[in-house]
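Below, each structure is written out as structure tokens.
You will see subunit A twice below: alongside subunit B first, and alongside subunit C after that.
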Partner chain A sequence: MKKWSEVALGVITSIGGFLEVGSIATSTQGGAEFGYRLAWVLVLGTLSLALLMEMTGRLAAVSKRTYVDLLRERFGYRFFLLPLVAVFLVSFLVLASEIGGVSIALQMATGINFAWWAIPVALLGWVLLWRGTFGIVEKGTALLGLVALVFAVGALKLHPAWPAVGHGMLPSLPSDNRARYWYLAVSILGASISPYLYLFYSAGALEDGWTMEHLGVNRVTAGLGNVFGGGLAVAALIAAALVLAPREIKVDRYEQIAMVLASPLGRAGFVLFLATLCITCFGSTLEIVLALAYLLAQGFGWSWSENLKPEKDARFATVYTVLILLAAVPIAIGANPLTLTNVSMVATAASLPVTVIPLLALMNDGDILMKHVNGWASNVALVVIALLSVALLVAALPLQLLGG
Partner chain B sequence: MGAVHLAHDVLDAQLVDQAQEKIGRVDVLLLELEEGHPPRVATIVIGGSARAERVGGWFVALRRGLRVLLGRREEHVSRIQFDKVRRIGDTIELDVDEKSLESEHLERWLKEHFVCRIPGARGDQK
Partner chain C sequence: MQAFAMGTLRIGAMLALALSASACGSPPPLDKQLEAVSSWTATMQLARDEHGSGAITTTYATQLRDAALAALEESKQTIGQAAHSKTDSSYAAAALDSLRTAIRALNAETGS
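And then the complex of A and B:
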């Protein structure tokens, strides 16, 4: 019985935590400019993320070590610096974007400019981190994040032509605007597969005291949770395709994204859009700050746990305190949140090889995983994701210049 | 466990003290060479300067430059005799107390001068 409640909570957490500033922005941009044609990229990104989360969760449950622990222990300090620096930089950019997302939602709700909101939002997040436990930070924000289900309601009310949506789930090449199409494809993948997600997930497995008995919970949480969460991103793309594309509106401000829900659901849709943007971005803000603190603490072997009082892990607590305030600075001095979001999604996509390729070795290491090493199907999938990550690294900069 | 692979199982492993508190990782392992005796694994080193040497000369120089800019002079490195090792497993347990370790200087400094000055910091579990 306890198992089932854990599974249910895990799945709900993944659904409520899936949408955030990057997926909301890139899915609706994709729908507005290319209709359903980029839906297959969301499917690809969601499946890749589900596999990566299952694997890093399995590593943690079996070895009692996080993915970061193993990156340092098995590849040595010299190599470890590479994922450390890359993940740190891109996650910091994404963090600033999430704070931007919350601030924009508050601007739309109150009329007070978003720049004024950045520091108060960071302070509120910090209070929750300082006082709250891991369960409160993870489950609390994810449960509230279920408000994102409104995207599914909005998409259904617009009565999409399902055969056309199904067609969009299969890869296709655009006849024109190729640079922009691939730029958005890379952004969508960067928004779906963020390293902070699986770093946070594998640290969370230890925070929640996972053992081998949680391998089933892990599989269902990573699989079902992400598939449903990805479904919400597809719903956002569908709604944008039906609301924005016919009016030839390209998303260059968050206000335009609100129309995606305000059009089918009226005033309630607008309010629920603001709630979704505000809550999901706030939840991701907390997750990313913690992921960054975990990254440093685990990499250097410091004491860490969100369930400990700050005096028990002073370096860990100092890191999240300083980072959440620093990340508010770009938004507080008026950086455009949507531009920041787009740049950070492409940077994220480019950073993937350094955290995906090492998994190939770890997931086949019998010393760590014993009989739970990858089977051939998981290995084939992981090789495909690794190749995809290299393609993203190569394509990111040229596409940012041509299509951004 | 019969044999322990130094590079695989010891270098970079998580260290814990007598009370199972995390106290860093094995940043460097030193062999002792003494006239008339075979070399033996003698010392575990924990600390940023030791770590930096593993990366390369450019990294040592970069680190030194940053420290000059920040006005930090003292290096806080711990050298622990290998016979303090109590257990080698998922983590390596040392017969030391974190409070006596030079490499935990920053943890203590932040705790005293920053973290504990903010309300709600004290205690064990939240």
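And then the complex of A and C:
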């Protein structure tokens, strides 16, 4: 019974925590500009993330060490500095974007400029991190994040042509504007497969005390949670395809996105959109800042746990304190949250090889995983994701120039 | 692995440079600017309809209007540089007029 409740909570947490500033922005931009044509990218990104989370969760449950610990131990400090720096920089950009997402939601609700909200949002996040536990941070915000189900309701209310949606799940090219199409595809993949997601998941497995008995929970949580969560991103794309695309509205500002739910659901849709943007971005803010603190603490061998009192892991607590406040600065000085989001999603996509390729070696290390090493199917899937990550690294630069 | 690390680092640095460079280039071509103006015109029309049906608040509609005004001002500055013929200029003027009209209609709807 306990196992089932863990599975249910894990799946619900994954669904409630899936949507965030990047997935909301890029899915609606994709739907507004290319209808259902980019739905296949969401499917690809969601499946890739589910596989990466399952593998990093399995690593943690079997070895009792996080992915970051194993990266450092297996490849040495000199190599480890590369993923450390790359993941740190791109996750910091995403963190600033998430604070921007909360701030813009508050601006839309109150009329007070988003720049004024950045520091209060960061302070509220810091108080929760300082006083709260891992369970509160992870599950509390994700449960509230279930409000994002409103995207599914909105998409259903718009009565999409399902055969056309199904057709969008298969890769296809538009006749023009291909640079923009691929730029958005890379942005969507960056939003779907952020390294902080599987680094946080791996650290969370240890925070929750996972053992080999949790391998089933891990598989179901990573699989079902992400598939349902990815479904919400597809719903956002569908809503934008049916509300914005017919009117040729392109998403240049976050303010335009609220229309995708106000149109089919009226005032309730508008209010729930603001709640979704605010809660999901706030939840992601907490997750990313913790993921960054985990990254540094695990990388340098400091004591770490969100379940410990701050005086017991002072360096870990100092890192999240400093980072959450620093990340609020770009928004507080008026950086455009949508531009910041788009740039950070492309940078995230470009950073993937440094965390995906080493996983291939770790997942086949019998000393670490014993009989739980990857089978041939998992290895094929991971090689495909690794190749995809290299393609994203190579394509990110020209696409940012041509389509960004 | 070290060579892979150095290569990735170089590409990362190039990407960072390109990201900063792409933020400060010349104005976009006319067709892109016309698309942006027409997108804001449609946004204003949708906002007027949704405000009329009570789906969105006046506070939010006003923010959309302000964003459209900012887009209009920006386009007024840059669209002339991208229009290279009389036909281009008349398209640009018509697009800007449509946006002005849509903004006025939203103002009338919200009573501002």
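One rule holds in what follows: the second predicted complex is superposed on the first by the 404 of 404 C-alpha atoms of A that agree within 3 Å, B and C clash if a C-alpha of one lies under 4 Å from a C-alpha of the other, contacts with A are read in each partner's own complex, and residues count from 1 in each chain.
Following the convention adopted for this analysis, contacts are C-beta pairs under 8 Å (C-beta built on N, C-alpha and C of every residue); 3 or more make two chains touch, one makes a residue touch a chain.
Quantities reported herein were computed from a predicted structural model and do not represent experimental measurements.
With the two complexes superposed on chain A, say which partner A:Arg131 touches: subunit B (first), subunit C (second), both, or neither.
So A:Arg131 only meets subunit B here.
Touch check for A:Asn307: first (subunit B), second (subunit C), both, or neither?
first
Quick check on the superposed pair: does A:Gly223 touch subunit B, subunit C, both, or neither? Answer first, second, both or neither.
Neither: A:Gly223 stays clear of subunit B and subunit C.
With both complexes superposed on chain A, which partner does A:Ser63 reach: first (subunit B), second (subunit C), both or neither?
first
Return first, second, both or neither, reflecting whether A:Arg78 touches subunit B, subunit C, both chains, or no partner chain.
both
Classify the contacts of A:Met259 with the two partner chains as first (subunit B alone), second (subunit C alone), both, or neither.
Only subunit C is touched by A:Met259; subunit B is not.
Spot which of subunit B and subunit C makes contact with more residues of subunit A, would you?
Partner touching more subunit A residues in the overlay: C.
Please work out whether A:Pro160 is in contact with subunit B alone, subunit C alone, both, or neither, and reply first, second, both or neither.
neither
After lining up the shared chain so the two structures overlap, which partner does A:Gly140 touch, if you call subunit B first and subunit C second: first, second, both or neither?
Neither partner.
On the A-aligned overlay, A:Leu393 touches which partner chain: subunit B = first, subunit C = second, or both, or neither?
A:Leu393 sits against subunit C, while subunit B stays out of touch.
Identify the overlap between the subunit B-contacting and the subunit C-contacting residues of subunit A.
In subunit A, positions 78 sit in both the subunit B and subunit C interfaces.
Please name which positions on subunit A make contact with subunit C in the complex.
75, 78-79, 82, 86, 107-111, 243, 247-250, 252-253, 255-256, 258-259, 262-263, 265-267, 269-270, 339, 343, 346-347, 350-351, 353-354, 357, 393-394, 396-397, 400-401, 404
What part of subunit B is in contact with subunit A in the complex they form?
7-8, 11-15, 21-25, 27, 51, 54-56, 90, 106-108, 110-111, 114-116, 118, 120-126
In the complex formed with subunit B, which residues of subunit A make contact?
Contacts found on subunit A: 63-65, 69, 72-74, 76-78, 80-81, 130-133, 300-304, 306-312, 314-315, 317-318.
Could you please specify the touching residues of subunit C with respect to subunit A in the complex?
Result: residues 1-2, 4-5, 8-9, 11-12, 14-16, 18-19, 21-23, 35-36, 38-40, 42-43, 45-47, 50, 53-57, 59-60, 62-64, 67, 71 of subunit C touch subunit A.
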